[in-house]
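Below, chain A partners chain B and then partners chain C, in two separate complexes.
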Partner chain A sequence: MEIVVRRRDDVTILDVAGRIAGSDSLDLKRAIDAQIEIAAGNIAKIVLNLERVRIVDSFGLGVIVAAYTSIQRNGGRIALLNVGGNIKNLIVMAKLMTIFDRYDNEDEAVASFQ
Partner chain B sequence: MDRTPDGHVISLDIPSSMQLVYVLDSVISQILKEMGFDDESREQVNLAVIEAGTNAIKHGNKEDVNKRARFEFILNQDKLTVVVQDGGAGFDRNSVENPLNPENLLKSSGRGIFLMETCMDAVTYEAPGTTVRMVKYKKSPSNKQK
Partner chain C sequence: MAETILAVDDDIDILELVEASLTADGFDVITASNGRGALESARDHAPDLILLDLMMPEMDGFEVIERLKSDAATRTIPVIMLTAKAQTHEKIQGLRSGADDYITKPFQLDELTARIEAVLGRTRPTKYINPLIGAMGDQFSESGVEQLAFHLKTAAIIQQKLLPQKSPDLPGYDIAGVLRSSMTISGDFYDFIPLTENHLGIAIADVRGKGIPAALLMVMIRTALRLVCREESSPSAALKRINDLLFADTDPDLFATMIYGILDTESMTFTYSNAGHCYPLYLKNEGSTITSLKAGGMILGSFDFATFQSETIHFAPGDGMLLYTDGATETEREDDGILYGEEKLIECIDTNKHLSAQMLCDAIEADLLRFSGKQNHRNDDLTIVAIKVKHGEK
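Moving on, here comes the complex of A and B:
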């Protein structure tokens, strides 16, 4: 899995590529945890760009759900960007469509934090 | 083009390391492509096999690399059967909570079995719960065995 971390204003965007499955999912967990730690004292505003993610399994979904609850608990927010195919189906099956904020456009995702 | 030889069996036997889940992803992806499953079915079976593999490696064999997780892919013209076996103590399907219950929705784990059963047409567990058999049909939903 490849993760590129970049900033737009006070929003952190994680561009993820590859598969969020099996032990690879822990790379994403570490990357998100690092951003939560960096934001310590401030509100974490994170966009998870899944455009180049080929597959997410239950373990990977669990990492994203855990990140959602952790960030939410600290007053922050995580938004999902470019949720397609397998991942969208997975979220629908798991009845999490109403939980996650999803966007197809990066500008809209970033603006949603303002 | 359908190049599926009827009744052929492909076996895979891997050490119980979560770092090897990618092998499953690669193998099942290629089998599904060769069998001519549609895109949606390919995604579903791919996910179900990864989930079954994760269960065997993580929960069954407790990630003990000295234990093997065994996979059999039985290719037929009309269906793919996947048999996954681990060397663990087994489990009771009835003891697994429903991840769709409101109190479970935001839990970070517990969706693997549910996803396997949702994505495949038939899933059966053979006593004592160390073997799971999953079937996906190539035809329309009317052919489903659920």
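Moving on, here comes the complex of A and C:
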């Protein structure tokens, strides 16, 4: 898995590529935890760009769910960008469509934090 | 990151020479001039290799090796002995006590580097499991591995006993389940729970992840279900209670998906609730149409605000229902990574719907294996439960 961290204004964008599956998912967990730590005290505003993610398994979904919970607990918010294919099916099946804010356009995702 | 060598010798001149030479070779070098200091340094710095002089006053090299090998924190650090004399029995004694190699003094610095590189080359691959050793106590000794294997086997037997030992014998119904684990122990389970004479609880679940953590959670959920299902008459209420129990006891990334339903043989209904699990496939009109039932609630255990709904299906003779875990639809084709998917599963059921419940499960399993292109190896646990309403009798 490759993760590139970018910033737009006060929003952090994580471009993820590859598979969020099995123990590889822990890379994403570490990256998100690091962002929560960097935000320290301030509200974490995170966009998870999944455009180049091929597969998410249940382990990976667990990491995203845990990220949602810990960011929420810190008063922050996480938005998902470009949720497609297998990931969309997984989120629909897990009935998490109502939990995650999803966007197909980066500008909209970033603007949603303002 | 540079690898660290602990050099131990009571001869300060040799220590300085070795330190300078190995530092020039790119190693981090720490030194000790007696056995006691060596043991302390080994514990505190966890070096990648120890260069150990055998002939030292007070505690000699043999005793140092013995103590290193009896301490779980230092057991796996490779040791190269430095022997002053070319005495064969000393070398043999050293190697027997667990040293990896020896160098006879006087030695060429080139030879020293070469031997260190050779030993590190052999031990590097195991170095990365070292952090596990602390966590697993004695598990990495030979007897420890044996013991671990025994524990896993015992756990698998316990888990096997938690699965239905035979299919329920209900007049008018043909019901079967299969579970194939990708490891010794499994995160999937299914259950048939006789509730009353004409009510049967049917469950299928998939715990996130694999192996020991998933198996522990599986046992927890299965136990919770067994207790809760006797108190809650509606499947959605039962799932809500299991959700709340899990939410209280585990982190949000530990979750399960599950379908729990109650088959009423009197009214020929199946009332079920789905917690984020793969959609049940409903074989309607004697199986002439197969549809996936998309109603349901969230995954179990991640959210305290999760809600669940129950839905009731009215069966007619010839109808059926297939429950499965994502080990089926997410079976990956070896050549191109394409997933099996729900559509192919429906096709397979359609082809085999005339078979008995047990044979239908077997046929799906065989098709998955064919599709994957692999011989008998599963990446994920696979569970299938088939319910068929018989013709002509009730």
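Note that in this section the second predicted complex is superposed on the first by the 114 of 114 C-alpha atoms of A that agree within 3 Å, B and C clash if a C-alpha of one lies under 4 Å from a C-alpha of the other, contacts with A are read in each partner's own complex, and residues count from 1 in each chain.
The rule is simple: contacts are C-beta pairs under 8 Å (C-beta built on N, C-alpha and C of every residue); 3 or more make two chains touch, one makes a residue touch a chain.
Given the structure is predicted, the values throughout are model-derived calculations rather than measurements.
**Student:** After the alignment on chain A, I want to confirm one thing: do chain B and chain C clash, or do they fit together?
**Tutor:** clash
**Student:** Which touches a greater number of chain A residues, chain B or chain C?
**Tutor:** B
**Student:** By the touch definition at the top of the document, which applies to A:D101: first (chain B), second (chain C), both, or neither?
**Tutor:** Once the two structures are laid over each other on A, A:D101 reaches no partner at all.
**Student:** So which positions on chain A get touched by both chain B and chain C?
**Tutor:** 57-59, 61-63, 65-66, 68-69, 86, 93-96, 99
**Student:** Inside the complex, what are the residues of chain A that reach chain C?
**Tutor:** Contact set of chain A toward chain C: 29, 57-59, 61-63, 65-66, 68-69, 86, 93-96, 99.
**Student:** What residues of chain A sit close enough to touch chain B in their complex?
**Tutor:** 19, 21-24, 55, 57-59, 61-63, 65-66, 68-69, 85-86, 89-90, 93-96, 99
**Student:** Would you tell me which residues of chain B are touching chain A in their complex?
**Tutor:** 18-19, 21-22, 25, 40, 43-44, 46-47, 50-51, 54, 99-100, 105-109, 111-112, 114-115, 118-119
**Student:** For chain C, which residues count as touching chain A in their complex?
**Tutor:** So the residues of chain C in touch with chain A come to 206, 208-209, 251-255, 257, 276-279, 296-299, 302-303, 326, 330, 339.
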